[in-house]
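Just below sit the structures, each encoded as structure tokens.
Heads up, the next two complexes both have subunit A, just with different partners, subunit B and then subunit C.
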Partner chain A sequence: MADADLSQTVTLGGPSVPRPLAGRSRRGSAAGFLKEHLALSLATGVFMLTVVIAVLAPWLPIDDPIRGDILNRFLSPGSEGHILGTDSLGRDIFARLIWGGRTSILVGVAANLGVTVLSVFFGLLAGYLGGRVDGVIMRLVDVGLAFPGLLLALAILAILGPSIVNMAIAVVLSSVPLNVRFFRGEVLRVRSAKFVEAARILGYGKWRIMFREVLPNVMPLIITVTALHATSFFVFTAGFSLLGLGVRPPEPDWGSMIAEGLAAIYQAPAVLLGPTVLISVVAICFNVIGDEVQVILSPTESQL
Partner chain B sequence: MTDAARYEPLLSVRDLRTYFFTRSGVVRAVNGVSFDVFPGEVVGMVGESGCGKTVTALSVLDLIDPPGQVVGGEVVFNGRDLLKLGGRDLRRIRGNDIAMIFQNPVGALNPVFSVGRQLSEAILAHQDVSKQQAREQAIQLIERVGIPDPVRRLRQHPHQFSGGMAQRVVIAMALANQPKLLIADEPTTALDVTIQAQILDLLRELNQEYGMAVIHITHNMALVAESCDRTIVMYGGKISESGRTETVFERPLHPYTQALLESVPNLEDDEQDLVPLEGFPPDITEEWVGCEFEPRCAQRIDRCALENPALRDAEPGHAVRCHLY
Partner chain C sequence: MTPYIVRRLLFLLPLLLAVSVVVFALGKTLPGDPVAAFLNAAGVNNPTLVAEIRAKYGLDDSLPVQYWTWLKLAVQGDFGDSIRKGEPVTALVLRGMRNTGSVAAASVILVIAVGWTMGVVAALVHNRRWPQVFSRFLALFPVLMLSVPGFSIAVLMILLFGVLLGWLPTGGVSSARDGGGFADLAKHMIMPTIALALASVGANWRLARNIMIEVLHEDYIRTAYAKGLPLWRVLFVHALRNAIIPLITSAGLLFGSLLTGSFILEFIFNWPGIGRLMVESTLFRDIPVVMGGTMVLAALYLLINLAVDVLYAAVDPRVRYG
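Let's look at the complex of A and B:
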């Protein structure tokens, strides 16, 4: 009931500090909603399109991304049968871009989901319960933060061995500590609000207060941080593949394509440019989605 | 009102001690407070900021967080010591048998949920009813506390309510499960005077209608005189005087109570000068040898600096903590 109303009603005033009655009005029907949040609709549309294309890759009329035609290497974009040309082994760049998107997006989204769920959970526990729970979680976080993120991820990958799944695990484990810190801070802020005390006086249990009173108020930060991660995880996984620790050749993936493209930047610039442009586009989409959703959900942000 | 003394007390607080263990020392916020609240009675708890009123109220609900701790005493409600209950049993009493409202009503509501949802959830948490029934009850409650257009208002979020209207919502939430005791912690301090009067009238009506006991915490003496059956005056974490409101206001015994009353403007007698109370509340991080009020007291005697007085009955039903009596 409340969720549907959020977009339309959160216009004025903050949670505790009453703010002046100024700000953007966000009223209207579902169609009006799309029109008003044009950037959000566009970004979501582009991202969904990318996902759909990646998912449908096996059924699309494109070339095999792995088997190359060595006689037709470095064909320039626009050649017959190869829209974006071919790479150093004569593989179709367009096909590799689409297949590569499958891995990149899957790892990016899965890692992001994993990081967010774990960090929010432990951040809530540490921030809300405090005391010994907080102590144990935060000391573990300190241990995690003592290692540089990339080094930690590399160490994990070195132990587990290079693979797509291990790459996701490495990204998750190396990013969780810092994010637990973020969310714990926000939980501490929300927890001191009067409505949390009011909830305790109403006889609500601690789990209920954590997940149903505090969590919704931490949501704006969660969305912002998640959107930010979307960008950095693409770059992160691309980096691993570039170092040869993620996706093993000849499997395509945007990161490893950039690595290959660097070596052949003059003969076939499309190998480098294709994934670079796609990573940028998806990253921008995520950021726009994150920003817009945050504005819609947060009663305070909506009128800043 | 009813002759409260004939009944068993609803709430009986005995020698309650709540200390805060801070870096700069142990703050004895509540230091040996004992009082009773009888069914249907309105008890006013007055004193200046930092005298331990709010901490007393939160201790009653066992809601003190570290570094604070209830270090001693008991809080017997309906024959059960709330400080020993814990867990589920205690949560069944909070919000159901004892409710509380605050100074900042807008802040007491969760900003991201509609008022109707919060009200329904308060009902569903303690009553075995369907969502639909909870919603109907919510509408009735909102109507009862005097908010016009309840159906539309329930769909709105807390920031769309003015302070007075938000306080009505908070009162509706507190009433949702027909509590036996309502703790009102400065419920009108943040509201303007006309709204204050409306909220006070509403609280009095509800007290009479439901027979709900009220502990009214305030620093406003006039408000106590007007609406409370009994008055408890607190100073430095202890009760300095308590008794029936008429008695306390007609024959204030404790020099602190007298000073408080002299510092309230009297509309009928504008010749009388206001007498400000000099000095500051005591530093309660140290255990006082003498009386906490001694440094500010105009009637102090030698004994006051040497010995902490005990609370005793100066006359039946009128207790005072002072060496003069």
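Let's look at the complex of A and C:
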């Protein structure tokens, strides 16, 4: 899964063409920041708009996304009362798109955050405590890494059975190992710093040092990695829903809407376009945000 | 070199054993009695028969004994029969892998031919006195490629080339009429290959560009130019040697991303590969196929990783066989 992702970008501190600290070159004003990070502002704007519309779904004047009208199946876009037409069960596509955004974005973001929290926790334990704890965690990580891509997630889902929560659990479990290994490396780096030594001399407990001294210093990297992974988790969870492994019908969701659209591709090709375009737009936004966050938080990175 | 490979292969054994324990444990955690479920599905409700079958297939043995039996057969390539199809799991998995293999191989060729080449071109264009637009485009296009999910591109291609224009088949491996030839297969492979390769082409394009820009700034490259060597020699002999290591890493990682991609794309394109087999078996809870397929794919993945490591050592003299 996230393999492709890690290979893409995380090149911190490598030798590279020196580039000015992105955040510092123009001091202060918010307008200046927006201007300098035009792509970031645009992507965040589009993404926030999508989120706001999705959150407001219950209060918007739109049709019921689940109740269909069997007499009005496959109405073409632009029909009276149905801007984007209706699907195979006569449900309003526009309403389903808005409601579907809630599930799709929420599940993708939740999976991403879940992976980050778990990986950081175990990465801290393994990296800071070392010894036997490190040994056990890293052997488990080795086993987890022996499964390519989302294969382990699929196997877990075969046991748990398809549902949104199970899908999120499976995707999280199969993605944690790679990230634990990554964060552990960073913790090891910070661990030998003078301020950590100072904290130890002051007699602070290991938990306090882990979460109050080490964690804040790994934070920029955690944020960067999480932002960079946003796209893949969003796409994976949408893809699993497309396969019928996540969101179950009739619940609206962009991924499962694509599957429904594929089933009726000749009758109503328009059913497919909506969710496909929206998934792509959100994925691109996530990717731009991730890249820009990386540039801002790690001044030496050598992209572009 | 050979002792190194042998040593690495020996390291692989405990990992494979651990993987097999995980796979077996997953298969055993499924709630309910598989025999009772199977007989119920066939319309038989007979507790004594269930007990008899359980005894015959060793399902009442202790877990370690059951694991040992399973492992002994698994090593011989016997993962039992599929519940859904009644065929041996091994045959199903092998057939699926063959079908996925053709698309995956075509994708890898695309990644190297387009991704790496364009990356090198983009690096060469970078900072030239050519119009900025050109260099910016070569930098941003791959980002777009790796941002858009493969299944979105798949759907858009199906709508455009399959439904609207009718140039290409929307799915399957062969046409019902005049099917079977190579040209027919190639026609069916075009869209799945592009959709599968797209993100990886973008990622490798960007990676190759970043690496080459870095390498081309090195002093020894300037020296090579200064010696009056032709461009191709500087590129392919001097620069590529240092750039190839991260590219090999990323090629090794392709296995995982192509497999994950195949889960979704083979469903969309109705392609009878390993991805669709695994997904359908998951949906149907065809546990023998899920276990066997997972085991085979994990083993293959570990072997490929090993091959990548060996390749490093072969390409880069700085990597010692440690």
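Just so it is clear, the second predicted complex is superposed on the first by the 221 of 304 C-alpha atoms of A that agree within 3 Å, B and C clash if a C-alpha of one lies under 4 Å from a C-alpha of the other, contacts with A are read in each partner's own complex, and residues count from 1 in each chain.
Convention: a contact is a pair of C-beta atoms (placed from the backbone, for glycine too) under 8 Å apart; a residue touches a chain by one contact, two chains touch by 3 or more.
Because the structure is predicted, anything quoted here is derived from the model rather than measured.
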| query | Given the touch rule stated above, what does A:193 touch, subunit B (first), subunit C (second), both, or neither? | reply | first
| request: Once the structures are superposed on A, label A:239 by its partner contacts, choosing first (subunit B), second (subunit C), both or neither. | output: second
| said: In the overlaid three-chain picture, which partner chain does A:151 touch, first (subunit B) or second (subunit C), both, or neither? | reply: second
| said: Quick one: is A:287 in contact with subunit B, with subunit C, with both, or with neither? Answer first, second, both or neither. | reply: second
| Touching partner for A:272 - first (subunit B), second (subunit C), both, neither | second
| said: Which chain, subunit B or subunit C, ends up touching more residues of subunit A in the combined arrangement? | reply: C
| Common interface residues of subunit A - those touching subunit B in one complex and subunit C in the other | 1, 14-16
| Along subunit A, where are the residues that touch subunit C in the complex? | 1, 3-4, 7-8, 11, 14-17, 139, 142-143, 146-152, 154-159, 161-162, 231, 235-236, 238-239, 242-245, 258, 261-262, 265-266, 269, 272-273, 276-277, 279-280, 283-284, 286-288, 291, 302-304
| said: Applying the document's contact rule, which stretches of subunit C touch subunit A when the two form their complex? | reply: 15-16, 18-19, 22-23, 26-27, 29-30, 139, 143-144, 146-149, 151-152, 155-156, 158-159, 162-164, 170, 199-200, 203, 206-207, 210, 213-214, 217, 246, 249-250, 253-257, 259-260, 263-264, 267-268, 278-279, 281-283, 285-287, 290-291, 294, 297-298, 301-302
| Which subunit B residues qualify as touching subunit A in the complex? | 61, 63, 65-66, 88, 91-96, 99-100, 102, 104, 106-114, 116-117, 122, 125-126, 155-160, 170, 173
| query | In the complex formed with subunit B, which residues of subunit A make contact? | reply | 1-2, 5-6, 9-10, 12-16, 18, 130-131, 193-195, 197-205, 213, 216-217, 219, 297, 299-300
